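Shared between the two complexes below is chain A, which has chain B as its partner in the first and chain C in the second.
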Partner chain A sequence: MGSTLDQFGSQTTFADAGIGAARTVWLTNSMSIISLVILAFVMLVALFAWRSTGGGRVWWIIGGGIVFPLITLSVLTVASATTLRSITGEAQPEAPVIEITAYQYWWDVVHHSEGRSLRDANEIVLPLNMAVTLQLKSNDVIHSFWVPSVSGKMDMIPGRINELTITATKEGRFRGQCAEFCGLSHPLMAFEVLVLPVEEYAAYLESLDEDARDAVTPQQRRGKEVFLTSGCTACHAVNGVSENGRLGPDLSRVGARASLGAGMWRMNRGNLAGWIADVGDMKPGAQMPSYNDLSGPDLRAVAAWLESLK
Partner chain B sequence: MTAVDEPQSYSGTRKGEPDKTIEEVWAQPTGLRWWSSVSHRVVGKRFIYTGFAFFIIAGFLALLVRTQLIVPGNTFLDNETYNQVFTMHGTLMMFLFAIPILEGFAVYLIPMMLGARDLIFPRLGQFGYYCYLFGGIIVLSSFLFDAAPDGGWFMYVPLTTNAFTPGVSADFWLIGITFAEIASVTAAVELIVAILCARAPGMSLTKMPIFAWYILITAFMIAIGFPPLIIGSILLEANRLLGLPFFDPTVGGDPLLWQHLFWLFGHPEVYIIFLPAAGMVATILPTFVGKPLFGYGFVVAAVISMGFISFGLWAHHMFTTGLPILSLSLFSAASTMVAVPTGVQIFAFIATLAQGRPRMTTPMLFVMGFLFIFVLGGLTGVMLASVPFNWQAHDSYFVVAHLHYVLIGGMVFPLFAAFYYWAPHITGRMMSERLGKWVFWLMFIGFNATFFLMHVTGLRGMPRRIATYPEGIGWDRLNLLSTLGSYILAAGVALFIFDFIRHLRHGERAGRDPWRAGTMEWLYPTVAIGFNFHAIPPVETREPLWNNPNMLGKNAEDVEGVMRKMHDGRRETIGCDPVSGSPVQIVRLPHPTFTPMFTAFALAVAFAATIASAYFVAIAGIVAGLLGFTIWAWEPSDSGVTRDAGMGYVLPVNMIEKRSHMHIATVGTMLVLYALLGSLIFALLYLWNVYPNFAAQTAQPNLLWTGLSMLAGLVLLILAMINRRVAVADKIGLATVMNLAVILASIACTACLALAIQRTDPWGTALGATMWATLGFVALNLFITLYWALFNAARKVTGRVGAGQSLPDFNLATYAKGTAVMVLITGGLFLAATLGGLS
Partner chain C sequence: MSDRDRNSGLLGTVFAILSGVIVSLAVGVWALGTPGNDPVGAAAVTAGTFMEGKFRWLRAEPENVPQDWVEISKTVRGGDPQRGATLIAQYGCGSCHVVPGVARAHGTVGPDLSGFRDRAYIGGVLSNEPGDLVDWLMNPTTHAPDTAMPDLGVTETDARHMASYLYTLRGS
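Up next is the complex of A and B:
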């Protein structure tokens, strides 16, 4: 399945890919229509007032300024409180827990399953029609987790763990993005959400627990060697290859992601090589240094190996 | 007391020559001394012109933003520049344009509407203006150092702490804006006192023009609403300079503390911007309908309730921070409630329209534009109060659309109505009605094209504050159209500037009261005399020019009133009872002076030197500033004499009692100071509540010293009361002794409080740091008490205080009492900390 980049409407709130989004859409639509009707009504009254010379009446103020707002607002308060309850009331103790930690400018994702902590990054796989508890944290500044098509947003604040329960109700890929201004590359901090049927989700979790794919071709083997010798392992982990790096995204299945650089570029060898050679240009302020001293063949080899990690 | 015919002479009194005319006494300084003017007209115009300059700069930055977003993946601006540009756009618009320009209009109009010859504290006005100008220059100069703030106008921590924003860009924001805010707060106190204490004879509160009500409530909101931000900025700057951990969660601080303080200011701020503009609408609308505002009482009640409600809504800016569901629901319901007073005002305006046959002039067009745009902005505001919807729309372009509908609709359109409406008053010429209609339609169409579409862009998932966006996910065409709309809006503003410059030379000359308005600023022919009134006419109704045939029926200078006779060659105006408006005193006003400008400049040097880490220069600046204040206040008292004000009023000059303008100003200042203290106490209780475990690690205050500090506070309180009594009884020697006693008590209070928390490590926990910050604030007030008492004692010792001139001690007592209560409150908090569980 292709990346959400170029996909029209991959990040819209007018969607029903999750319970939170679906139950909010009707609120959005009805409130928008009512607002426009009220606006039209007020302007018509103003027009009428403009043409009349009979004088204003106190009941206009009481009716239009007090009674009507109180009635409408009461209805709105009840409607939005009910919707809020129906969205947040889903919290279930046995729901799978996914811990998401925001970094400037990427996402660390840990699936807690059967006592295991399975790590991935920048792509969040969710089971279809199953409530999931997201534990949202931040490693540095305030970020905000938002997948408009699935659910409303929740901030990620240093020193706190905010919980958000979401239920994805549609298979497919959706785009999410950091919604709280978080610094230089805030516009370049997105991610993809992949919703899979429960069995495929289980298979995905198993794949996270396995070692990364072996390097097969000579070029891939060379790439792995460059990866191990150039200092990449200080920050990046690849299952079965080097598992200590925690400062940067886990790369065990980087090639399986549809996008690169936290949801910003399509995943392909060219973009991978460009990223490694000049991170600072593609994402200013990112912690990773640019490896622009790698030789052409080495660069291509690392990119080829990373792309093969699926 | 009886009327004294001959002015009693005091050494050093700045008296005019006895044969000077009123024109000479009130003459505007010319040449270089032009800068020393203290007239409210001059200062008000300076605020307006400077504010408009910031509007143009900030508007230009907005065009850069829109140009960057015209196509996806644009490289017109890089991320860093874009972040600087949108940060400065918001900062300039909110802090250096919206509030100062509205205060400028208030400073310019209020005395003329109310029947005063000037504001009560003209020098404070000049001081505030220069603080604003210098603060604005400091903030803008960051561009020259390539250190423009880039953390957003909301400056969220920890992004703006040293760890993530090294360098001085955040310091430019924190220090420059805090400095400029001094202007907002001083102008607020000045306007409160001017409205309460200097109205025409007979103008009770219920007969005030509606604009004065709007400004009065707004000024109170500024006095209470700005302190949380000032405290927040000081805490953040202390964090950046000294490393105090107020916001660090690893030692019991909380990034959300900043957000609470910021929005405790930030939400009222929105109404602070809206209300004066609505006051302009409520003034302009009746003029063109030709009938009074309908539902005056409803509107006043709505404005007051809006003032209260606005302080209870701040958390709706924080719906996505993980607040408990219960508080979400409460704040959500409270937020929608503000629609009621807003609705009351809107329908009062509409009912006013129905009173007569409105004239379709350019100001009226802008008023109708306001009605359309602001109502829609209010409706989307109600939508945002709904929590589930907010979780989607928050920090998306929907919010950008909403806030521009509210601010441009609620403030910029009324402001442009005001420009067209009061331009003849300021320049003596009419702006073009034909061009004005073009300006309106360009702005109206451009505005809606830009911002209406943004509602959709936001709901299609586009977050705010992103310099680029990917192609093809649904935002491309919307952004293109928004950008084109912004150019149309800018063309409207450019045409306005053209017309303004054109009308200065070629505009039709305005006659007297050119719009047939009913309020008193139109009493004199346009470009009126510098002192507003030869005689201050008694006012019986809200629209004196409509109801009193004597006003426009005569030459303006022949209109009957009080104070026609000029006493002692001094600038003066009538002082009134705050409620009834009956004259109670004659208020002496200062003449042009450079002292406030010098003081503001010295403080500007201190603030700028702090940014540059030149701390000795900073200290020198503060000392020079203190010297400036001292020179400013070191002048003979005007109290102690009685004068005939005409029309049967024989009144004391600068009377000594609680309704004195000086005393009301002191109380107003205490209001600001208590709001500052309240913000610190909020921080203390918040941190204590959020991280009780860290509170337990904070060393508890010493019980003995805490008790002694409260005792010392009590002593200070009693001494202040005695000081007032002996001073008012004209026992000058005894009053001097009491001044010294107040000094000693202040020192004792400071020492005991400091000793009480000497074991608390300010770097150890956030709570400890906040305790020291609270102590620092109370100590600052104690220092001011001390300095003031020393100053009063010195004046008495040098023989500058005669019988019946105890006003300085009268006010000092109020200040000292307020400070003593602060000591008691702080001591009580320390006591609670000791008894209630700090380790």
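Up next is the complex of A and C:
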């Protein structure tokens, strides 16, 4: 399945693929229709008022200025409050928990399953038709988590855990975006959401628990060696190779993701090499330094090895 | 003129007309009998084209024969620049190179590809002509073992499209 970079309509509430999005669409549509009816009614009243002569001015002010807004605003408040509540979702103790931490400018994703913490990054896999509790956190500044096709958005505030229960109702790939200005590369802070049937979701979780694929070709082995000796491990973890780096995205399955740099470039060797050699150009303000001191063949080797981690 | 001569002349004319009618009938029936078949028309078109070529050749003078050798030397066979631009975006060339006309292609890892058509060399090792460019795009590491540019698994068709796009980038 290709990345959402080629796919139009992967980031719209109107192509609702989740309960939250469906309710948002419902509220928007009903508000539009009701206000249209009210407008038509007011126009009619105006038409008759034009023909009648004098009288009832006080009642117009009381009715149109106090009673009418009071009723409409109360109805709207109740409707939006209940819709908002249903978007946020009732807390479900049995629902799987996914912990998402925003960093400048990427997303750390930890699936909590059977007492294990399974780490991935920048791509959130959700089970189809199953409520999931997202624990939204931030590591530095305020970010906002938003997958328009699936649910409403929620801020990620440093020092707080905001819970959002979401249910995806359509299989496929959707696009999310940081929706709160968070710094220089805020527009380049996106992610992909992959909705899979429950069995495939379970298989995905298992794959997160396994060690990363072995380096097979001489080039891949060289790439792994360069990765270990160039300081990459200080920030990045690869299961079974080096598991201590926590400052940057987990790379155990980096080649399996559809995109690179938090949803911004297609995953392939060329983009990986360009990214390693000059991050500052591809994502201004990112914490990762540019590794342009690697020799050409070494750069290619690291890119080839990372691409093979699926 | 004797009667015999007049008779033979008349007979000859009648024979000529009759045979003409029979031949054209035969050709007509054959042509109509096969749907979509128009041998006479096709023959006429072939003859017309042939003659047109001859006339053109007769009329042509050295200065109005289009021979832009520079243009021809930068033409990639079977390359579609439009598709090339899409492929350049897909293979991610822009993460290392500036490629004018391709969205977000502003990389500073490798050389800027603006005005590529007027470059003398490709990667400093091959002369800049279509065959070499296509080959370079497919396997840069074969030509420059120490290059930082990875082999991206580009197919020959894709390489031709991308090369033809690169040759649309003219220098100032």
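As a working rule, the second predicted complex is superposed on the first by the 271 of 310 C-alpha atoms of A that agree within 3 Å, B and C clash if a C-alpha of one lies under 4 Å from a C-alpha of the other, contacts with A are read in each partner's own complex, and residues count from 1 in each chain.
Going forward, a residue touches a chain if its C-beta (ideal position, glycine included) is under 8 Å from a C-beta of that chain, and two chains touch if they have at least 3 such contacts.
Predicted model only: the values in this text are computed from it and were never measured.
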A:42 touches, of chain B and chain C: first, second, both or neither? first
Partner chain(s) touched by A:278 [first = chain B, second = chain C, both, neither]: second
Touched partner set for A:14, first chain B, second chain C, both or neither: first
Which superposed partner A:207 touches (first chain B, second chain C, both, neither): neither
Chain A residues touched by each partner, larger count belonging to chain B or chain C: B
Touching partner for A:252 - first (chain B), second (chain C), both, neither: neither
Touched partner set for A:141, first chain B, second chain C, both or neither: first
Of all residues in chain A, those that touch chain B in their complex: 4-14, 20-21, 23-24, 27-28, 31-32, 35, 38-39, 42-43, 45-46, 48-50, 52-58, 60-61, 63-66, 68-70, 73, 76-77, 79-81, 83-84, 87-88, 104, 140-142, 144, 146, 148-149, 151-155, 157-160, 162-163, 175, 177-188, 264, 284-285
Interface residues, chain A side, partner chain C - complex: 265-266, 268-271, 273-275, 277-278, 281-282, 292, 294-297, 299-300, 303-304
Sites on chain C touched by chain A in the complex: 90-96, 106-109, 141, 145-153
For the chain B and chain A complex, residues of the former touching the latter: 78-80, 83, 150-152, 156, 158-159, 163-164, 249-250, 253-256, 294-295, 298, 302, 320-322, 325, 328-329, 332-333, 336-337, 339-348, 350-358, 368, 371-372, 375-376, 379-380, 382-383, 385-396, 455, 459-474
